[in-house]
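You will see two complexes here that share chain A, one where it goes with chain B and one where it goes with chain C.
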Partner chain A sequence: MSWADFVNSFFSANFLYVVIRVSVPLLLASLSAYMASLTGVGNIAVEGIMLMSCLMAVLGSYWTQSAALGLLIALATGIGMALMIYMFSMSLGAQPLLVGIALNTFASSFTVFLLYQFTNSKGSSGTLPSKVLPTVDIPLIKDIPFLGEIVSGHYLLTYVTVILLILFYIMLYKTPMGMQMKACGLNEQAARSVGINVTKMKLLSMLFSGLTAAIGGAYMTMGYASIFSKDMVAGRGWIGIAAQGIAGINYVALLVVTMIFSVFQAITNVFLLYDLPSELINTIPYVGVLLGVIFYSVAATKKHRQV
Partner chain B sequence: MHFPPEYKQRKERRLLGDYILELNQIDKVYGNGVVANRDINISFRKGEIHSIVGENGAGKSTLMKIIFGIEQPSSGTMKYKGREVRFSGSQEAINAGIGMVHQHFMLIPSYTVADSIILGNEPRKMKIFTDYKTAVKRTQELSDQYQFDIDVTKKISELSVGEKQKVEILKTLYRNAEIIILDEPTSVLTPQETELLFQQLTHFKETGHTILFISHKLNEVKRISDRVTIMRNGVDKGTYDADKISLDEMARLIVGREVVEDYSHLRKEVSEKKNILEVKDISLEQNGVQILDKVSFAVKSGEILGIAGVQGNGQSELVRCITGLIDYGTGTTAVDGKDITYLNIYDKRKSGLAYIPEDRMEDGTAGAASITDNMISTFYEREDLNKGPFLLLNNVQNEVEMLIDKFSVKTKNAKQRIDSLSGGNIQKVVVAREYRTEPKCLIAEQPVHGIDIGSAEFIHTQLIELRNQGAGILLVSADINEVINLCDRILVMYEGKIAGCFDDPSKFDEKELGLYMLGVKKQEEEQGGVHCEQV
Partner chain C sequence: MKKMMKKTVTVLLAVMMLTIGVIGCGSDTDESAEGEKIYKIAFVVPYIGDQSYWDLVDRGRQIVDAYDNVETTLIEAGEDTSKWTSVMTDVCESGYDLIVSGNDTYEYYLYEAAENYPDQLFFNFEFGTAQEYDNVYAVKYNTAELGYVAGLLSCAVTTSDMEKANDDKVIGVIVGMENDAMDDFIGGYCQVANSMGVQVIIGYPESWTDVAKAKEMTLNMINSGADVIWQVAGGAGNGVFEACAEENVYALGVDQDQYEQFIESKPEYANVILTSFVKNAQIGIQTAVDKLIAGEYPGGVIENFGIAQDGVGLIENDYYLETVPEDVRNQVEEALEEVKNGNVEVFSVLNGDSAEWQKIKSEAQEAK
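Let's turn to the complex of A and B:
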């Protein structure tokens, strides 16, 4: 392939299609981290929740032989895990950070344990006939050249994610609930003093956090791939947490940062076509995140010094 | 103490309609046995400005928290508009029409004024969406109606302290508060802002609001209120008409205490007198408020200089400036003739400064560390305790046991966590440690605050012993009696300035000092202030 082909591959409809495809789990991971930190609870178990949901989507759809029920089981798993963080930290006084670490390490091993129980394999669920969710062709739009190629024909959960992004935006910026949730994270005392039910807001935010991470997990095994393999989330949860750390409470910034990370992830796919060591190429998204965090920190420090 | 009986309003029963809020025999005992309020009986009239005055720790804030539903009384009843009520949370108090402006603002910097006001009670459209248009319109109307002159689309972070307070008041008005509680509202304001606040409070009175004004600034209280309730040690000392009680009477009721200790026989004359600690022109400004204004004084060897004052008049900031815990502010400090202004804390201590901090749990000790570790933390580098890079633990142990013995710290062994000791014993460890550095100058900040009488007396004796050995001691305390009993000279601080200076221990007078502490009296510079500073 020539140099021109290489450059062109970044401006093709296919590349943008890939960007969207890889962005979905990252966006959901970012949302999960964002929702949890919104009320000041924090969730560093995004990775673990996604991983458990990945497996439960596979197992659930295999047991019920229904993609929809499999999805529901995955969602229940994710929400349950997020609520565990809430319960252990809010009611029982544990550090949310420690509960998060426990859940992450637990998920990493327990998924392998379950996998072995049901497939006799410690690597992947390839032998298990699980269901996947359908792809959706958007009528009319799919026939538009270029645009149709990019936005049509994605998995169902991609469009669910887009709808969720819009709903969350409306909630955060247009409803009293969003305003109150934000207030809880920004100044809990102040929120309490005007009679906001802080406990309820924290519960809700963890519920949203679990839900989004679970959808992210289900997407990984019911669309992005059709089987579960060990540690397949591969740091996406952490990338989401990094994006949230950079964006802070700014929702739009969260989406922009996540999309930038998604582009890095998509670039990997292009480079893999070339004769380069794949191990090196696979580090691109992570190096991208690292650079992003460094640039952000330097900029923030500079700004802080000026003030 | 006796007062003309006409001042004290007997607990006369009036018709219910007269009072909007009545407190009957309110007691508040915390779980740890601390009695915050005892037998409080106060009735508030509709449309009055009613001040609650008293020193820090007199139980004012606890009482307000009870009224606002944040705390529940241990016993006693509360009648609101003639009906007995019990608020189990602030939301219930808010719904009933009680609003509170907290001393520390409950605001979110990134929210706009309108958002801050409506938070928790948002106007809605189509049931689920916030109606921002109505929010801005209604809050702006409210602000204009009371002549608050605030642009509600501004962010909280862009506002001045005074404006933030206005927002807090608007929050209560937006929720249709009939009673507005203001917790030390003027402590953060500039004189101009205070003036404006008073105008507004008078206006609220005219519109039928009842104002509960908490303060320890008597001048303000006398000026603004219709009636005053005085609190001391958790007990209400009666309610008085503001125009019928003089500042003197108020001050006396607030600070009156019984004398317990007398240490004069322990004092020895110290022959050589020189300036040990010299403080020149220390000024400090925070958020536009002048906290310290050109404070100068000197502590001589072999004397205890007391700084008296109601908390919050700049004493703790002064100490923090001298010890280097905060490094902004202007002015210079010298110990034994050596300028230590720009030294770090370690070098300041090396120059002969020692410090007993006010907060023994936060600043004085490391709670999770052992008594030994806390005890040697100021002199662990001493030669006889070290060999090369290692601590000689036997020597350390002997040293610590000697100090535990000398300062009669009650403990099982020196390896115990320090936070398992009682307050008095923790403080003894702190005092022992500072004492052991053989300081030229010791700054003792509320050294016996909140500890038992026995330990307090012991610590006082140690301070005098240190003084007799020739050290200069700066004692900062809000307790008049402590200052009177211990000190050779006394300075009184009020609003960041030295308001009075007293040189002769035999003429120290509790009531006189009280008047200075509360800002009722002030020495002019030519009379005493300057004299004190240029020793």
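Let's turn to the complex of A and C:
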């Protein structure tokens, strides 16, 4: 591969297609962290929830021999784990942070335990014939030259994610419920004093958090890859938490940060094939986000001064 | 009276000592019905069931366990190395004829025990940094030569007119991490490619677990014309098979017969895996046990098993024989003979000069 091919590879429809494919699990992880922190509960178990859902999608679809039922089992697992954080922290008075840490370490080992029970392997689910969800060709759009190549032919869960992103946007900015959820996170006492059902809002936010992380997990084993491999989420949940940390309660910033990371991750995957030091290349996505945050902060400060 | 007492105590003590002696002997009668000595061998590993490295060792254990005069015990000591000293001490105190353990991560505890128990025999089945003890026999499998075999087949396939091979003379390899131990796998691989004018694309995902990243990198390799891709990336390597199955190009496995691993459950994976390159760990274990039984245990010897000793090689399963045409297979066989005869010296990253490795690596990655 020459350098000319290399440069060209970033200006192709295929590259943008790849960026979307890379970004989906990251976007879902970011959404999960965002939803949980919106009402002030917080969920640092995104990684663990994704990992458990990854495995349950494989096991579920193997047991039922149906991709749809496998997905449902994965979603139930993810939501169940998120609700566990809610229950332990809200009803039983534990620190959500500690519950999250517990769930992460639990998931990392328990997935291997389950894997060993059902496959006799501690590495991957290679011996289980599990099901995957189909890829979707969008009629009409798929025939448009450039655009069709980018947006058509993705995994089913990619389109589910896009729909979720839009629905969440509408919920957060156009409905009273979204405002109420934000209010809970900003000042719980004040929210309660104006009659918002704080408990319900927190429950809902954890439900959404579990749901999105579970879809992220299922995406990893029901399309992106078709088998479960030990610790295969490989830090994507933590990237989501970091993205939420950078964006705060700004939903659009959350998506932008995650997309910057995804673009740089896709670039990195190409760069890594060249005779360059791989340790350095692997820092590109993180440096990219750091630069993004610096630019954003400088711009925001300037704007603030002008006011 | 006092004298009497003393005598009684002495007699009692003597009886006790005798009894203990007899009981001790009783448990020591390691003889089968025909009066043949039974060799008790302990295998101390962190765990088995990874369908990779540790299972290779376990397969070696099963082979020697099938001997009539060998009895093996498998001890899964766990990954927590802080427990290994006490586990090793326990094993050493249990009167085994041979203790098999080792590998880069755990050999420290083996050598520690070897120093404390100079009469106990040990076998380090794959050393990282060998130490010389009279009671330790240590072997290693030549990963450089393993990579050499992989390179031979990759180059032979990409230059052939096999079904999934394209016109570009490009091959790829996904290596889990960039370090000398891992680069040793691809030193010989690049050497072959250079001698045959084939371009190599090397990808380091810097992860043993990130299946998705390995898949993305493999897809990029395939886009650049690679049609045979070898994985040396542990669990992440499954991403290589995923990508190769999607794009219909050849993949090569490592450490175990990966075709066999997937043929039942994921035939779409299996049908792109031409063969796998393995360390024949059983050869070392068998050699050690055979010599132990023959009474000539090579304590203090440090050995390197390569192509010449059949210590490394590829798996010739039915699928390989069926899919790879005879002329390609012969080409590989002939090149291997050259190594066995000593006409070709395989470059090793671990023993070689790092400047030379950089040169070989850069040359291999140049567009041809």
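Please note the rule applied: the second predicted complex is superposed on the first by the 271 of 307 C-alpha atoms of A that agree within 3 Å, B and C clash if a C-alpha of one lies under 4 Å from a C-alpha of the other, contacts with A are read in each partner's own complex, and residues count from 1 in each chain.
The rule we apply is simple: contacts are C-beta pairs under 8 Å (C-beta built on N, C-alpha and C of every residue); 3 or more make two chains touch, one makes a residue touch a chain.
These figures come from a predicted structure and were not determined experimentally.
Following the overlay on chain A, a side-by-side fit with no clash is recorded for the pair chain B and chain C. Touch criterion not met for A:137: it reaches neither chain B nor chain C.
After superposition on the shared chain, chain A has more residues touched by C, the comparison being chain B against chain C. Of the two partner chains placed by the overlay, only chain C lies in contact with A:124; chain B stays clear of it. In the superposition on chain A, contact is made by A:270 with chain C only, not with chain B. With both structures placed on the common chain, the touch criterion links A:25 to chain C but leaves chain B unconnected.
Of the two partner chains placed around the shared chain by superposition, chain C is the only one that A:279 touches, whereas chain B remains out of contact. Here's the short version: in the overlay, chain B gets within 33 Å of chain C at its closest Cα pair. Counting contacts as defined above, no chain A residue meets chain B in one complex and chain C in the other. Remark: chain A residues 170, 174-177, 179-180, 182-183, 186-187, 189-196, 249 touch chain B in the complex.
Looking at the complex, you find that chain C touches chain A at residues 47, 49-52, 172, 178, 201-207, 209-213, 215-217, 219-221, 223-225, 234-236, 238-239, 242, 261-262, 264-266, 269, 361-362, 365, 367.
Against chain A, in their complex, chain B makes its touches with residues 89-91, 94, 100, 102, 106-111, 115, 119-122, 124, 128-130, 171.
Listing the residues of chain A that touch chain C in their complex gives 1-2, 5, 9, 14, 18, 21-22, 25, 116, 120-124, 126-129, 220, 224-227, 229-232, 234-235, 266, 269-270, 272-275, 277-279, 282.
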